[in-house]
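Scroll down for the structure; my scribbles are underneath it.
By letter and in written order, the chains are A, B, C and D; residue numbering begins at 1 in each of them.
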């Protein structure tokens, strides 16, 4: 009885009694969701264009952030470092396309997936080799990102909004809009969509798959850098992030593997629900449920709608 | 070259259906077993047995388990680490509850616990295909990891949160705990691995294995041939998790001696998946080759600087190790996506058709 | 739903070892078998059915026959085979087959057809095997000529052939078929399946006909007719060679003694049933010594099946050895460089020392060691791949074998020997005893055979195996067989200093060029055919100024070569006419001329002109015999314009030929064939002087 | 070509009855109000232009698609929704338009797979590959060998099917379907993509299966010549509707059919 109350009664009482706290929780969820969305965005870009589930997206985030911090630590100005970090991501994209993707065309999904795991192992080793394994702090201020926080008085209570989080949300929004424009307005963007729809068709209208892959990986690299900066600013830049990056998976399940808006909405859903559950119900289970909650949500969701929120119903043919 | 198949004709289906129909193959197996059971215990030093052979065998068993799921049934799983954990924690609890029962019996029994858990998390596979299934198994991985931390009952409310292996005897010989000799532990592990490999091979070559492969190759056609996806997939999940569970239990009891949740984290899932893919999907031999490659190679890599008298700090070696392994994985996937087993098979084929090229 | 079509007691051999106690399996306990001369295993019996009784007793549990069917080697022991044969034999009796009557056998190497030989002989009837790939017309002639009253056909295809002759076969009463496949809807009432016949036999057996059956077998005499084999002569209608029990049994026994064969041998039966060779090796010798005969699954799987069985005794016409060698070389061409080098290094070594080692000559220890390494790395695996690992004795016969090919196999350690024989002799005339083997001879007369060379140079022989006569053809019998039992072989040859027989050519083919030099066409053709690229060659020259040849390329070998050299071709015809192919042939022919120039007797008959024929010579078109020998006279008629062109000096000639396709349809192939001149060489003795 | 007469078919026992079936995907109507029957022992052809709903019809019969309206009566049992494996249990087996073999397995194993329903020995025996499990394997191997013999595919027995040429793959697929010893065999374009000789072989096998084992066959085929020779009766579909049903000669003369094949506007 107490258990049922714990599930169905107390949490809601708590929410009603502390609306400001609820808002704070929702904001936290929103911020986490934004980051999930950004991570998922990186996945979606690559999956859409090449059908590869890029397990290395997480490590790319770390790697991008480490490069940035690393260049700065070497004495370069922040913006030069930023530019160089972008260049590093570009070089990475080019290398991956040359060395890995091109050689693995037409292999089964599992093989490509494994290759990206191999890639992430390599990048972990490479990153640690160059930058060392210990966590680093992000050069938030140097990049001109806001660091303060605003305290809002509401419902006789306060909600604290970190400026950085607001900036993060804004940057995420800009990135998404930018990508949307890129996809719909530019020639390369349209080519990307063509590739996503049909490789053969894309080839027949004279689009080079290799080029597109490199571009897509670069785009994912940019997203990774942005994610890395945001994430790094909130916590530290460390390799632990690669596990968190797996959260992108449930996000993609919810949003669909190929849908950009899906990634955003999925990310937000995961962010919100995870925080809410952790705060209001987590205690029942002893806490720490954030680690798996998203997956279980995705799993339950899958059972009822295997094609995702935005996917189309699949009709199997024989 | 060494294959002399002329005159090896079969007059019964029993002989023709044998798992090793070629005499030379049977001889080779006999030789491997002889080396494993006699030569290694006699000539191997403790380091070799403890740091190489025991973990190699245990990982091989886990790889066989995962291979049953991924390679034979075509269901991707990233939850191997956690399923191994279930076996380990189950065995730990069993030894606590039944201290007098033979440890080998308990090790095997613990496999049933992970089989049940595996089936539970395999249920969604009926509706979910391909990569979506990764999410299910990840859910298993993270949920179970959480359980290993948050349910203190599992580790007998130890302050350390770790499970520690008690001393147990098998037929009067100390088999587990700190005072068990490496050779004893090795021989027990070896015996279990050999028997379970034999059983896996039997299942794969029979009705059930065929049903798994039918689901893997063409699930629609399989269903139209009368295979129930539910039975086939769940049995694969059960058998696979059973193997992983036993491997997990052995890992703690015969190798590590103590373990906490880190021993069963997602990196272990990846490690085993690497072994399966590098070794070769859908191949038992591949599981062994993959385990050897992924486990023994780093051991060797670590030893190389020492042998050349180079003083490189351990962390750097570890980083380089990661790079080399990551690079090799990509290299292998590009050069031979069917894994070491394919190379093995090709080499065998070359020997069979020797001196001809085909 | 799916019934076993060749239903029968196909009990696996492994199951038999614990005794044949099975209740459903009706057996006669072996000690009840009444055997003439029982206990005297070496005693010669008179007929093969008598040997069947003996073997069913002395080798009751040893395998008698295997057949790759339904994926495994179905096996029968001698006792089981005895029961099968008895049931079938009694069934035939019930169907009215009587002593002296003929039963035709049409089909491939199937146990049931081999059993039919014995089942018929047990009744005193005469089996007449017919080449199953004969065209209907040939088959009709034999069936009619032999007055067969029954025919046993392997399958629907053969039944259809026989049925299509309909009323033209006056004597034929009953058709028995082995395989049920597709036979369901046949309504002819003279059709009956093998199994049904066996059931009839079992009914008789139940009525105690068994003892009478044994009595009849034991009553049979050596002088009775055993089998009639139609020779597909190179000219004219086939002739029915009548062979008596004595002919066959005595030949089989002495052949077994000659090579020390016992019940432990295994052979693969893959040559046509109607060929005397197969009849003696796969039936006669098997019954006499009790060894095991294995029938392959199908014609396409013979190589694979032979590898599985690994026969101890192997018999093949040179063509088979040639094809095997070609296949080996073609495959090795695709091997990596290192492997190729190693392969040829050891082959060269074998070429130098292999035969010496096989013959037991003195060879240095180092070379023996090298040969041993070669055995490990090359010869052993190679023999294994070909299924020759266990071969004690291998024979080649039917035609001359290229000396290089012969040497190749011998140097690998295969005890390949030559044999000279004829249907009329129940095969054996001469054979090479172990240790006296040379490529160019066909050995010494086999035990019991006397050989003489007639004044004309023709080889003649007399032996216990000499045939009774040609069926209903006294004229031919008299032409071939003298009153005191000497037989004309039709081959020209001589006995060399070591007492070995050497064959030059068909006696009637040996001729002279206009300048008087000796012309032995086959001798030249064989030299050409040694090249893997040459499938067939026909030489002309008798009564002409010079020797000219028509060459047939080997599609496998030349096609492979073309592929490697990026030469594209759409058809056989196109490839044959390709200038580079012509060049290749020209080189080969020059090589032959060089060889011929070294031989005093042959130097005069070097090849002056040649052409590459635009179509493959084919038995269906009558260009080859069923045993795939060239029918020279037919070819010279058919391609008369081409031959004319060779001698009138033209460099090309248009020719139009009618062909019969596999499915029986007729069509035409036409082409303009190029004719080329070849360089000749000065005869050896005048070499220095000439240039 | 067939030996059966019209009278045979008319009086034959009904094996399958399709009644008023309608099937749609979203708004697309794949099949509308189709009824027909299949009698025991006949060869029944379903023909029609591309997109006529032929394959959908087969998919409905063996439970892969579930029609919104209508019933199917098979062996006297009425049903509308069922899982494909249940259809298999009832004795319906099939081949596919695009060969759907188990690519990673040998010919032998593929045909063996067709006998899945007939093999039951439990996990315990399977573990040891001993006793009942081994005997079962061997017993079914024998049955499979008979099919191999029947289809004349001995030389490719142990070849992985992925390496076989297309024509042989089709034959192996037929073997796999036959291995289930079905009472109704559905063939989805068994001769698609074959050359003339392969088509002749396949026709011979289909007739042999029908006559030798008495298996009822429903087949979809494009090649009209082949269909007219093979089939006892023909159903013609066009745009998801039945436009004709009858003996080959009747169908051939039917104006609707001629129009449909010539593409006359509706």
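In this text, contacts are C-beta pairs under 8 Å (C-beta built on N, C-alpha and C of every residue); 3 or more make two chains touch, one makes a residue touch a chain.
All values derive from a computational prediction rather than experimental measurement.
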item: Centroid comparison with subunit B (C-alpha atoms), farthest chain; value: C
item: Chain pair bearing the highest count of C-beta contacts; value: A-B
item: Length of the line joining the C-alpha centres of subunit A and subunit C, rounded to whole Å; value: 77
item: Gap in Å, rounded to a whole number, between the CA centres of subunit D and subunit B; value: 42
item: Euclidean distance of C-alpha centroids - subunit B vs subunit C, Å; value: 56
item: Gap in Å, rounded to a whole number, between the CA centres of subunit D and subunit A; value: 49
item: Junction residues of subunit A - those touching two or more other chains; value: 316, 318
item: Per-residue overlap in subunit B, given as positions that touch at least 2 other chains; value: 12-14, 16, 220-221, 224
item: Set of subunit C residues in contact with two or more other chains; value: 71
item: For the subunit B and subunit D complex, residues of the former touching the latter; value: 12-14, 16-17, 19, 199, 202-203, 205-208, 210-211, 213-214, 216-218, 220-229, 235, 282
item: Partner subunit B, residues of subunit A touching it in the complex; value: 53, 99-100, 103-104, 107-111, 113-115, 117-126, 128-129, 133, 243, 246, 249-250, 253, 257, 285-289, 291-292, 295-296, 298-299, 302-303, 306, 316, 318
item: Residues of subunit C defined as touching subunit D within the complex; value: 1-5, 69-71, 181-182, 184-185, 297-298, 300-301, 304
item: Residues of subunit B defined as touching subunit C within the complex; value: 1, 3-16, 353-358
item: Interfacial residue positions of subunit B with respect to subunit A in the complex; value: 70, 76, 124, 127-132, 134-136, 138-139, 142-143, 145-146, 149-150, 220-221, 224, 266, 270, 273-274, 277, 281, 315-316, 318-330, 333-334, 337
